[in-house]
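Listed below are the structures to be examined.
The two complexes that follow have chain A in common; it is paired with chain B in the first and with chain C in the second.
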Partner chain A sequence: MTQAEDRSASFLRGALARSPSLRVAGRAFSERERGLLSRYPVFRRRFGDSLDAAVPLLVMCGLFAAFALLVPNYLSGSNLQQLMRDYAEPCLVALALGIVVFAGGIDLSVGAIFALAKFTALYLFRIEMWPLPVAVLGVLSVGAVIGAINGVLIAYLKTRAFLTTLAMLLILRAGLDFVTNAYTIELANAWRDTEGWYWLGAGYFLGVPSNMVILLVVALALHLFLTRLRPGLHIMATGADRKAARHAGINTRRVTLLAYVLSGLIAALAGLFYAARQSSAGSDTGLGWGVTALTAVVLGGVSLSGGGGSVGRVMIGSAILFLLMSGLLRMNMPGGASSALIGATLLGAVGIHIQWSRRRARSRSVRSPVSDQRGAP
Partner chain B sequence: MVDFISGKRWAIGLVSALVVTWGFMDGASHAQTDPRSQLRIDFDKAVKGKTVAWVPITMGTPIDQIWTAVMQSHFDKYGIKFIVRDPNFDSNSQLQAVTSLINEKPDVLIVQNINVSLLARELKRAMENGIYVIQVNMMSNQPSDAYVGVDNVDSGRLIAKDIVAQCGGGKSSGKVAIVQGEATSAGSLDQLKGAMEVFAADKSIKVVSTQAANWDANKANEITATVLRQHPDLCATYGHWGIMQQGAAQAVKAAGLQGKVKVYASSDGPRSDCEMVEQGLFYKVLSYRADIQGMQIADAVLTLLQSGEKPGAKRLTLLSNNFWVTGPAERHYCYDLSLTQ
Partner chain C sequence: MTDAATCLSVRKGTKSFAGSVALDSVDFEVKGGEIHALIGENGAGKSTLAKVMAGAVPLTSGSLLIDQQVCAFHSPADGLRAGVAMVYQETSLIPSLTVAQNILLGHEPWLNSFGTAERAARQALKSLDFDVEPTALVQDIGPAERQMVEIARAVHLNARVLIFDEPTASLSPAERDKFFNLLEALRRRGKAVVFITHALEEALTISDRITVLRDGRRVVCGPAQSFDRQLLVQLMVGRDLDERSTELGHCGVGGLELLAVDSVGSGVDGPRISLSLKSGEVVGLAGLVGAGRSDLAKFIAGLSRPQNDCNWSIRLRGEAVTFNTPRDAIAAGIVYVTEDRKLDGLFETMTTDDNIYLAAQARRRGWLRIYSRAIRKRLADYWRARLAIRTLHGDAVVSVYSGGNQQKVVIAKALAQDPEVIIFDEPTRGVDVGAIPQIHDVIREVAEDGKAVLVISSYLPEILRLSDRVLVMRDGRITASFDRADASEDLIMHAAVH
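Take a look at the complex of A and B:
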């Protein structure tokens, strides 16, 4: 093994020790590097990893079963449809945050982008009377543009993701308050409805609510993108170890920008459906959704340090939180208590997550040298 | 002959059947002869065991607590099941609460709309699903079986007229600031509409600020403090809800303008609003007395359950009265929460 190969391998090993999911992302690397990868059994999937993925899934199923027993008519068709309808938008917002987290960043402004998209949808469709397809494009481009601003600032101007998106959150919310105030009366009295708009807000496709159909399509597309397509693999690789990814020839700046643009796009999509469903110009839209999305991402077992996680995990995390909140609401839990519970859940999930990854890191450092020896030529 | 006999038997059978039926009916009508007892029997038949679901904006304010307490006491008495869902000021939770309740099919659904559009589609769906819908104090764009509450446009006019009388005609700078609640709620939209009608008709009045504090006293405080810095000669500030406007009153006091800037509020009549008037922090409040509204809501429920109408068939409107509170003499227009506990 040449010295260069050795260095490259050690970079990769470092990255992969942090993130088992990079094994898949490994495809993005060159043949030579892939050859290196295959020689280290440490990269093989471990039982612990599957367990890690199974716990949130079990919690989700457990919660669903519990509420099915406790809440009357929980399993009725109309209730299941309603649950899906209410679940879709928060889950899309969680995915919007998830993709940035996969890329090793953070986006506190997803809730505000979502809210601004909702306002834009109502404004373009109901006040400006744009045709629906044009209005939809308008809404999505608002999301993409805000995502792009976040992305350029963070990737190219090297601002800190946390502070940048926090500032974006504040700016967007202030702007939103301003425009909501300016158009309150028009929005409250506007009452345009077309078949397409109605379908977005209340329609079904084969009995599945429209927004859930779109969520499934987006989730599937995003999953394939992140696991099968080069730019998606690059996102995961950049999140796992920026330095290693750069050494492997990935344009990490462009990848980061891409992640933020996609995030803005997905958050805007959620805002569009929410606008059609609620038709509500209320100024509290999206307040706290950033925190909810973050909680969902963590609950799904996605590492906030990037590179790990999957679309499925974010969806499961989002479902856990959603089932908990909607279930408690149905069981007449006082409102303040539910909010406190979100906080406690987030704290608990983060705590468990840290303990879990520490333990795994320890077991890995004990086992790794042995595997390395066996795997080395 | 055979036919004749069987015909006779038939006739005898028929006559005896009639006699027996008559006897029974007579017996039954004996039980009905006491109309006073029958009243309660019919009432219980219509309301007992029915389910009423209530979705306020939050359970964290006196107005929602007094409504709930008054309704609870009525419904407990008549054997009506009462479900409360608390969205805690969150529109998404309110929508979820209402959609899940529609699946649970209560007999009556009572809502206090966070804004005019959020629940519109769901309230229509509720009525289509055979649920009576009552809206309280803040209407949605979707009319329903009953509206119980204040005429917000009228409150806006009444308060604005009083402000014009105090500030207009060159008596002062004529500057007025309006503190809205949630700008998209009927409570704010309609009060603003009524007030602006009156202000627009009087040239001596200048509305220098209309900002939404989202029912939050802290935000009302910040907004008012800023307005006072720009317009220290402000004549009056008008808040769309007493509890929120208390924040504005504190800002006026902090700016050393207590007594100079007249603080008005539309109020549901919690004790603290009357105390603010007595301390001179509020100039005047127009109370609509939420405790009485609680009884009106309960009455609307009982009326609908006994009406025999199909949900969505008719529209019932029960408006609240308004009472000016200007000093200790009118303190009985406020309610005490402790009395309900």
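Take a look at the complex of A and C:
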């Protein structure tokens, strides 16, 4: 170092030592603050961040309250049970998409996987007469395999997620049309029911519909997986910044594959319950569910660029959409308008989200000459 | 040549990216208990060599040896497994995770709770004497703290070989000292440390051995005592660089006032910013990082808008103006040369010609314009010659150029817009030693042409060397103004920190 530089350096050092507020980077936490800060990130957020997280929740509660007032018998036990039963499957499909979005990808084929799983469940259980547990495993593995195909193509062969899953959607849909046409009559004639199958379609556990129970279990497991378990953390890290994750020694390709496999599994699980509930295999099953799931994910405030969001957010987003759709249907809105409503809601959410995050980014930006109001120290 | 203590070496390492050779048959080795500095101009292949050792980049040919055993790394995970950890130049943290999660990332246990992660991270940070809150989200902490987190991660891995790519660039002097103490401690523990730096003094004082790379080849490798600054510069540049006197010739100070910026303050303590630029004058704007210099510049050049109740007046040649977009500012003759060329300085996937030609479009009005290859070529050739931009093969995109050449393209883009007022923000950041004097010359020439120039720089010798007048900013206000004759590093630093 030159002498002059050395002098200025020691000068700076002295100044830094004297004045903690001058520390160039970041804000320091005081002892008291440190004590208050919980170990859970959610409590550490600034007000803006918590508000950000609370808005979808408030909207959901508002919608529920509004329909409870407007629709007669909305709060009756049987109606609530029916709502939960109808909510569980779309929410599972949204979670299936959510995982992939967290990992920084996109999956347009979740709706198709769901539909194929539904057909597979009926086929294996009713026509092939497999025992229920084996049939369940079969259905889940169909989902996992399709997810794995997506995953291998995207992670290892580096195809674009958007195009790959779009192609997968088209292929699955065509295949589904083919098989449903081929088996319509057989399926209509086949009749088989077991206790387990009945529980899947219409059973309750402590008054909660079976598929809702499973949804809650899956959601909790997934939440713990993504926040506590190593592979889950790796999914979030990879979604946030693929290169940084790779540099940290994460096998990002395997992680991406894992996300797609999990996604396929969960979508197939949704299809299984739907099959037990709706015994006929219409080829229009799951049409548009992918878009609904995407809308739900965005409504929950999950960033499509990956790494952000949580299971809770996806569930809330899904609930908002579901309440809106089912509520308006109950209020005798014409059926065709619902698609338009999804679109409008999505646009609105995206618009609000962008405005909101722009404002937040502005308030977050560190001292700018034009905004800093503090006087000289 | 290699002895038993050598724990990592590269033999005849060659790496080529799409035709251009980044490393050409390079030999490199590092022993346990040694600090090995890797220096060279930008584009000399230092980062590539480091990434090869860490496993982030595979070799095209040649071999990598760990403990004399040939091994092949396919990903950084392989490198980490073999005990090689690297702190990358570009930050490698996940902003949405906490500091603790980032420190453990990639080698966390299967089951994690926020509590255990926090404890482990707090301990790691404490052992390094770094003051970073482990529960903070990385997106909320500053660049220096991020750097500390990355260092803590590499150390926490307990790797045998630690590679640091320009670790000190964003650290304050105090933190830098702390970092060097850390390197000492690592050396005493028998770790092998490789560190890349641009600050030659750091290499000379801290390291045991120095390897100099130039144009992808190893020029020399030897004990640090056998070098001095002058020699290193020569070896890096490969020519006798005239480290000219610290001052450039100064033309007569300022003619006409071209630009005046004032904040008509609502504040009690008078106007906070008052700035005037005269033609033919270079004004240096000094200050600490975060003092608001770039924000001021961006505001002047129409890139951002002020957010408070202050009334601003910008007068260009005496006329009050307001710019809502950079396009307005450019049309009026004010351009801003960005401090971060990767972020907003270049069209990275386009050629030099296109970059310059596109920039020149900003001064043209109207919708229907013919894209003229001839004009593009003429324009690009002119600026290439004037700024001595090295040409790679015909249509190489700018992202493959070295830092110095990229910076020259950024400057050419600005000058091609025919401005009267030019703001250079950190004009030589990440620029090779050889290109710095060239860029300085260009800046002086521009002023001599009668333009008004504002130079923002955190490197005080640069400010002193270029400026006719020096302004110092702190916390969003201008706190001092010196004429060239009165300015000294001490005075500037004093105004910047108090």
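In the analysis below, the second predicted complex is superposed on the first by the 322 of 377 C-alpha atoms of A that agree within 3 Å, B and C clash if a C-alpha of one lies under 4 Å from a C-alpha of the other, contacts with A are read in each partner's own complex, and residues count from 1 in each chain.
In this text, a residue touches a chain if its C-beta (ideal position, glycine included) is under 8 Å from a C-beta of that chain, and two chains touch if they have at least 3 such contacts.
These numbers were taken from a predicted model, which means no experiment stands behind them.
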First, second, both or neither for A:L206, with chain B first and chain C second: neither
Partner chain(s) touched by A:L157 [first = chain B, second = chain C, both, neither]: neither
Partner chain(s) touched by A:D241 [first = chain B, second = chain C, both, neither]: second
Partner with the higher number of touched chain A residues, chain C or chain B: C
First (chain B), second (chain C), both or neither touched by A:G307: second
Touching partner for A:S78 - first (chain B), second (chain C), both, neither: first
First (chain B), second (chain C), both or neither touched by A:N251: second
Which superposed partner A:L229 touches (first chain B, second chain C, both, neither): second
Partner chain in contact with A:D86 - chain B first, chain C second, else both or neither: first
Residues on chain B engaged by chain A in the complex (per definition of touch): 58-60, 83-93, 95-97, 99-100, 103-104, 114-118, 120-121, 141, 182-184, 189, 211-212, 214
For the chain C and chain A complex, residues of the former touching the latter: 54, 56, 75-77, 79-81, 86, 88, 90-98, 101, 105-115, 118, 131, 133, 135-137, 140-145, 153, 170, 172-174, 177, 201, 263, 267, 269, 272-273, 288-293, 295-296, 299, 304, 306-308, 310, 312, 460-461, 473-477, 479, 488-490, 492-494, 497-498
Touch list for chain A against partner chain B, complex: 72-73, 76, 78-79, 82, 85-86, 177, 180-181, 184-185, 187-189, 191, 201-202, 278-285, 287-288, 325-326, 329-330, 332-336, 338-339
In the complex, chain A residues that touch chain C: 1-2, 4-5, 7-13, 15-17, 22-29, 34, 37, 39-41, 44, 227-230, 233-234, 236-237, 240-241, 243-251, 307-308, 362, 366-377
